[in-house]
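Each of the two complexes below includes subunit A, the first together with subunit B, the second together with subunit C.
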Partner chain A sequence: MPSVMLAPTPGIATFLKHLKHNPVDASIENFVSLLKRRQIRSSRPCAIATTHLLLKVVATFRDRDVAKLVERIRSVGQQLIAAQPREMAVGNIVRRVLGLVREIAEDDADENPDSTSMGDSGYLPYSNLEPSGLPTHFSNFSPPKHGSALPQKSGLSQSDSNGGDDNSGQGAVAVEKQLDRRPPLLTSHTSYVASAMAPQVTSLFGLLSHPHTPSPTATPPLGTQSPVMKPGLTSRVLATIPDASAAKVDIKAEVLEGIRELLDELDQADDQIAAYALDHIHSNEIILTHTSSTTVQRFLLAAARKRKFTVIHAEAYPNDYLETHATIMQGRQKSAVGDDEDERWSPLTALGITVIMIPDSAVFAIMSRVNKVILSPHTVLANGGLVAAAGALTIAQAASVHKTPVIAVSGVYKLSPVYPFDTEELIEYGDAGRVAEFQDGEMVESIEVVNPLFDYVSADLVDLYITNLGGHAPSYLYRIVADHYRAEDVNL
Partner chain B sequence: MAPSVGGDPAAPTDTAASQSAPDGSSKAAIDGAQTSKTSAIASSGKQENGVANGETKASGAEAKKRAKAEKAAKREREKAERAGAGGTAAGPQASEQGGQSSGALKPTQNQQKGQKDRQGEAKAQAQAQTSSKDAKASHKRTGSVSAANAQRPLALRRRPSQSGGQAKESKQIVKEVGLFGHLYNQPRRYTIEGASKAVHPAVLALGLQMSSYTICGSSARCVAMLLAFKKAIEAYSTPKETSLPRHMSSHYLSPQIDFLKTCRPISVSMGNAIRWLKDQIIHIDPDTDDGEAKAELCAGIDQFIRERITVAGSAIAASASTKIKPGDVILTYAKSALVEQTLLRAHEAGTDFRVIVLDSRPLFEGKNLARALARAGLRVQYMLLSAAPHAAKEATTVLLGAHAMMSNGRLCSRVGTAVVAMLAHARAIPVIVCCESVKFTDRVALDSIVQNEIAPSEELLLPSAAAGVADGGSLAKWKETPGLQLLNIMYDVTPAEYIDMVVTEFGFLPPSSVPVVHRISTERDVRT
Partner chain C sequence: MITTGTVLSDDGFDIVKTYNGLLKEDPELTMPVAAIESLVLALSHTPASTVSETLDLLSTLTAQLKRSITNPISLSAGTDLFQRYLITTLTRPGQGARGDFDQIRTHLIRNGQLFVERAKEARERIASFGRHFVGDGAVVLTNGGSRVVGALLRRAAETCEGTHSGGGTIRFKVLYVTASGTSDDSEAKETISALRARDIPVATIPPTAIAYSLSMVTLCLVGAEGVVENGGIINRLGTYQMGMLAKSAGKPFYVLAESHKFVRLYPLGQDDLGFQQTVVNFSTQCGQKDEQDSHPSDGGVADLESKRSSCSGGPAVPSRFDESVDYTPPHLISGIITESGVLTPSAVSEELIKIWF
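What follows is the complex of A and B.
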């Protein structure tokens, strides 16, 4: 291993350095090229890089208009997501920041009495999910659409979003015609203005009677946590807010504060997850895991300080086995992200834990003696399913055959609001040369070689998710999605 | 002192250590060669002991007490010596009463001194034991003690750094996975060094070919073994006093078989073939001429290979290839000769289909199959086992080979087969196993742990790691890392419910019919 490198390998460390010294747009370009060339991979580095980048974007944002800030973040986000759609962590962070901005602007608007606290529903229903670039088929009669509100066709801030609007718009028209017969219900909301502004309704009746309004009781009420619905953020509403420059500076400062908190969350996610380790691991257990995930290793290390157990570690050949071997032998010696000193951790063997390394083929053979399986996903999806490194589906299925519980550990930043209509789209394919070398002429000429990097594991194979917020069943994840993301941001 | 107490360096408690004293040699099985050798010496030392005394009673408790006393005596003597007190007159008395708490440390300290020291110690111990037994209360045999003492200074050189390090070293020695501990006594041999003279050169060569995976695969090994035995039989000549049927099996064939077993554990098909061969030998008329008998045996072997393997294989290929329809996507795992035959047969028949070959570390047998099929003109896709779910999405049929079919309908095959069968079953893809009846066995299996073959862990190392290159990330130093074990099993057992059909030379069977067919095929060979 060379100790002196002429130029550092491009990756997150170089990106962060670049970010410090260069203007924002250059950094965006740099990040986009890193993503495209897969020089920055795996959820955590991507999330951290995106957060830093957005921090700089917001910091260098000169305008006073919150709507413009939202636009700016959205456009940056679209660029990043388009660079690597399967790196869902990037999109998650962008959506988190957008949600943050909207929330802060709304809080500000609430405090500001001049603004009409009730605006038209700038809400897109939760059903309108169409991640850019990933083809999906969306039925007009799907359940989310039926119960929830339908978008207005009037010009909204989302008017410049891509074609997804049109599809749902047409559907909206169809359903509208059937349903708008009854008069709207009176609600507790103070300013019930005429029908130009859609009234707030709090009952399902009102929902069916007035399809223009999103119902706060429909599940999930994205972005709202109070029974009284917060008004949507529209350019109309924002335009009516008086131009108080003091308030705008506050907003920017608060957004920066929020993004820094997000950074802290990313840093502490592993520690917070590891804090739950002792709740889930007992003595003399045999735990199966695979790949070199930091989260899993730190989870096990936290338990290893107090309990003695055995870990069976499946090397993830061919994509992660070198890192897995390194993790088993040495733990993590230097951090890949920035210059964090506390990124180092010792291997499990140093704490007296027996680690048995097995090739992936032996997973079924030993599964009957395994007490639990711990997986680390690449992305967690809102339906409770997850995308993890190749081999995870085999392990999860073998575990389900043997009735062994499967635990997935991940930070909330990996949780994506995107619904996987087509699970094929989520799988990234890697270098076929790792499976069969290119020097092997016979194989290269006549044999097709495929190297999928990920597996999609459906929600019924996972028993528990442990996130930095605690443990949840897969059926609860949609709630966490609702807490962290906004409906109008899902479709960037 | 240490060896006679028991070669177990990991004795955590005094009681364990002292109780192992009389039968220390048996405990040494887990530890390395060193300690087993020393316990052998120790047991011989003890025998000297008993013979010398003439008072060796078989009472276990008494023997234990005696051993404890001896141990304590020896400890006291060492202590006294080190303190420089010289003549250990008071030693044995004091030692018999107490001082056992220090025992755990001392025997382990001495472990590291090396074999020679232990040998010296053992002899010294024997003498010391003798003397202490006779002395009982008072001890005046300064002569023998000093002689023993004279040998001891070498052994007792104390290295303080090692007293703490002992515990670590004992943990490092455990490189065997606990669950599979009963399988680690299967040897592997890579040289012909130490082989018995009776082993025929053809068998020597075969043994090495098997241990290096040059000849790999159940049927291939069976055929190769029978051919090597043919050569060995041709070279055989019956000694004067005995007859061929009585002598050949136990005195000529057995060393060959034992040698093969030391090279690599034999497969089920090889076991069945050996049983058949021995049966053939026994049933030879003792009056027949040697040459005739040998020719008969060789012809019998040829017929066995032809019937049970060659013709059976081709019959299976023919029937299984009828299960391949145009447009099929056949999924297979690793390399099975029968599956290869089947696919080639179907391809020759003109059926249009394609094949996905799955493969895994460390043997990569699937690469050979993929190449062979591609050479024959089939459309082949090659993937690793981690991509198995991806492959299973497109597959219409799964064809698997077998190492053995168990009598409870389970399939024993290359490790990873169960994964493929499970994924196929989850997607309702038919799983077809191609297996000759020579691979059927009476044994039953419920898991892949009780009966299996453990290959040396070094095979799991990547080539650079195996060569000892100090690449920081690789597993080059896995042996020195305490608590790290590499598990390299060769077979796994697939549950019967994942298998839809077994194709044998007798036709298509459900896995539950395997014991019935096994009975039929063995009855057929038994001459009544």
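What follows is the complex of A and C.
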């Protein structure tokens, strides 16, 4: 009897199906094993899978305590990251969700101050003297705070009630105690910080700011008064106390809403990036790119509708060349994710663009004729550097010799807040058999063959990052990291 | 007018003496923090009752302090920060002036020690964070007597608790650039001996050997007296050289600086530091004419110019090399490690803007 059903290849599609029908913990296990076996690879599928998983984790979370939710997400995150540390997208999504939860909890705490501690000492700045080891933050939104990896001890955020309510009776509220209460501080000068959060005071004043408040009924500590703080706070406290319990239910719903927005962002990232294509690609330009990246292809397709240019495509042998050939010839026919509609796109040649495929060794030779290089990174690092498919460093160095602009296109979800102390660790190694076949006995016996899958390209070789938020210089990425991630989440 | 140390005397509070006294008492103190401390002590000794009086007093004292020191950059970081802090907190709209002022004043005076503690803590944080940069087998190149660098290297050398001394988990070596090429240079002496006591191999080289040894170097770490607006640094003479060589050899060059060292200065070159320092002294056999290398205003009348300037005294005195500083531009710096993490040079100006505007 001919076998009827071939088991589908394990990958993101099977994972999402599994997620629908199985309990959360089983799904976590499934995802971990998919990551370990590299059956789910590359940033976008990992990010999507992580987001769906966290959606389910939050949805099935029974407790009302926000701190416990944070802890739950963190432990799931730790498992996922440990499974495949080089898939930074997984960690990025976990940190985004954590930041989301904290933000919602704090906004909620702002509006529903249901403890005496909220009165004013909630706005304590930096209780550095208190015995809890090192102080946590000076300011929370200034670039240094979030700029890159931060010297955070992960345990601190849990065990000590920092940045706030030390001296006043804050034992009552689990939220404020456990979460890092970020006092919404403001100087009149920080108005340009556009964010949903309450604006923060600057870190340089951290040296001098007030360590504690005298009494709960006094005016807020000097140097920390926030105009955001409502004058009639006490009356509001009284008015909203009955609503406190209702607020907690909303937190979960808001978090779920936020995660769904994150999913939307992941879906739309490519389209938003492609919207900038016309600004950067002009007629009769020669663009160099490599690998079969969807983002780059859609970027070029968006420009191809209005402009005529030439693309030189390096084939990325030995790891990606078959997909690259397929991409050039046929575009993308089927998707691996879910719904097919958005995922099908025609090849550039169908729109009349000339595509020249070259072997990777020809990159330097051809570089003098190239106007722009477009790379698609696997991960973007907080120092402005990036990790991209092998071959990217050669291309970037050749481009810098010829002073050709190098543009990296990636969604913000690929931007990792972790500072790369050791860039060697970020490189994943793949099947050496692709370089020198195992059948070639002499080669295998006498030569050590390595097949790095990625290259680290340092920040000074990249000229522009185009993300779904627009174009940025590599030196500006620290701001984006600051806007999207929280300091306390960097070390999970 | 004789002032006795730091005690309030009849005629006034001697801020310069206080400042110098503080620096002498506590060798771990950095110049900006000592400046802030002396200003705080000034506040406590002088009963000012209004905001403007206080700010006025502070600017007078600050000017006095800056005049008395040849290189006021580092301490001006502290004084500027303090002034801006007061201005920001005191002139905040919607606050009752009187009551808050007293509160701030009390807070500042009572917590003088607190600032010092925090500043030292900042150093420890930088050390504990930055030590990840020193990996196994690394060779670190450094110069000067920076206490932050010393703290970081000591931290990196430390073993886990309870194990025997020496034999840390990270094995690294240190290349110390000293003016003389030996460790007799007083600035770095303690750090070098402390490291050697912990079994870390330390080699001292003269500045002439930097390029020679650069091939074995993994990364360069230096401290800073001041971090300027564009992300460059002011540090001991020789840092710029190290930076240039490191850049050309492709070695990362990291600066360790606490965030209270950010100063609002934008030097356009080595001559633009805001104070006179004569490192380069041309002389000839006949007449020992000292030519000023800065301000060649009247190009055609060079001789007259130099004669006149040597008559004026003052700036014609050559600076000591071991007290001179230079400016390292930001494009040579890979990252500035502060207590809040690693900043790119472009993040520095943003921080400064936030307190100044």
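Basically, the second predicted complex is superposed on the first by the 357 of 492 C-alpha atoms of A that agree within 3 Å, B and C clash if a C-alpha of one lies under 4 Å from a C-alpha of the other, contacts with A are read in each partner's own complex, and residues count from 1 in each chain.
Just so we're on the same page, a contact is a pair of C-beta atoms (placed from the backbone, for glycine too) under 8 Å apart; a residue touches a chain by one contact, two chains touch by 3 or more.
Please read these numbers as outputs of a predicted model, since none were measured by experiment.
In the superposed pair of complexes, A:Tyr478 makes contact with subunit C only, with no contact to subunit B.
Of the two partner chains placed by superposition, only subunit B is touched by A:Gly352; subunit C is not.
In the superposed model, A:Ile427 makes contact with subunit B only, not with subunit C.
The partner that reaches more residues of subunit A, of the two candidates subunit B and subunit C, is B.
In the superposed model, A:Tyr419 lies in contact with subunit C only, and not with subunit B.
In the superposed model, A:Phe61 lies in contact with neither subunit B nor subunit C.
Across the two superposed structures, the residue set of subunit A contacted by subunit B and also by subunit C is empty. Interface residues of subunit A, counted against subunit B in their complex, comprise 1, 310, 312, 315-319, 322-323, 325-326, 328-330, 347-349, 352-366, 368-369, 390-391, 393-394, 397-398, 401, 427, 435-436, 442-443, 446-452, 455.
Across the interface of their complex, subunit C is touched by residues 128-129, 134-135, 138, 142-151, 187-190, 202-208, 210-211, 219, 222-223, 225, 227, 382-384, 419, 421-422, 475-476, 478-479 of subunit A. Interface residues of subunit C facing subunit A in the complex, by the touch rule stated above, are 33, 36, 81-82, 85, 88-89, 92-95, 100, 103-104, 107-108, 111, 114-115, 117-119, 121-122, 124-126, 128-129, 132-133, 135, 259-260, 262, 335, 338-347, 350-352, 354-357.
Listed in rising order, the residues of subunit B touching subunit A in the complex are 177-179, 360-362, 367, 370-371, 374-375, 379-391, 414-416, 418-419, 422-423, 426, 447-449, 452, 460, 465, 471-475, 477-478, 481-489, 492-493.
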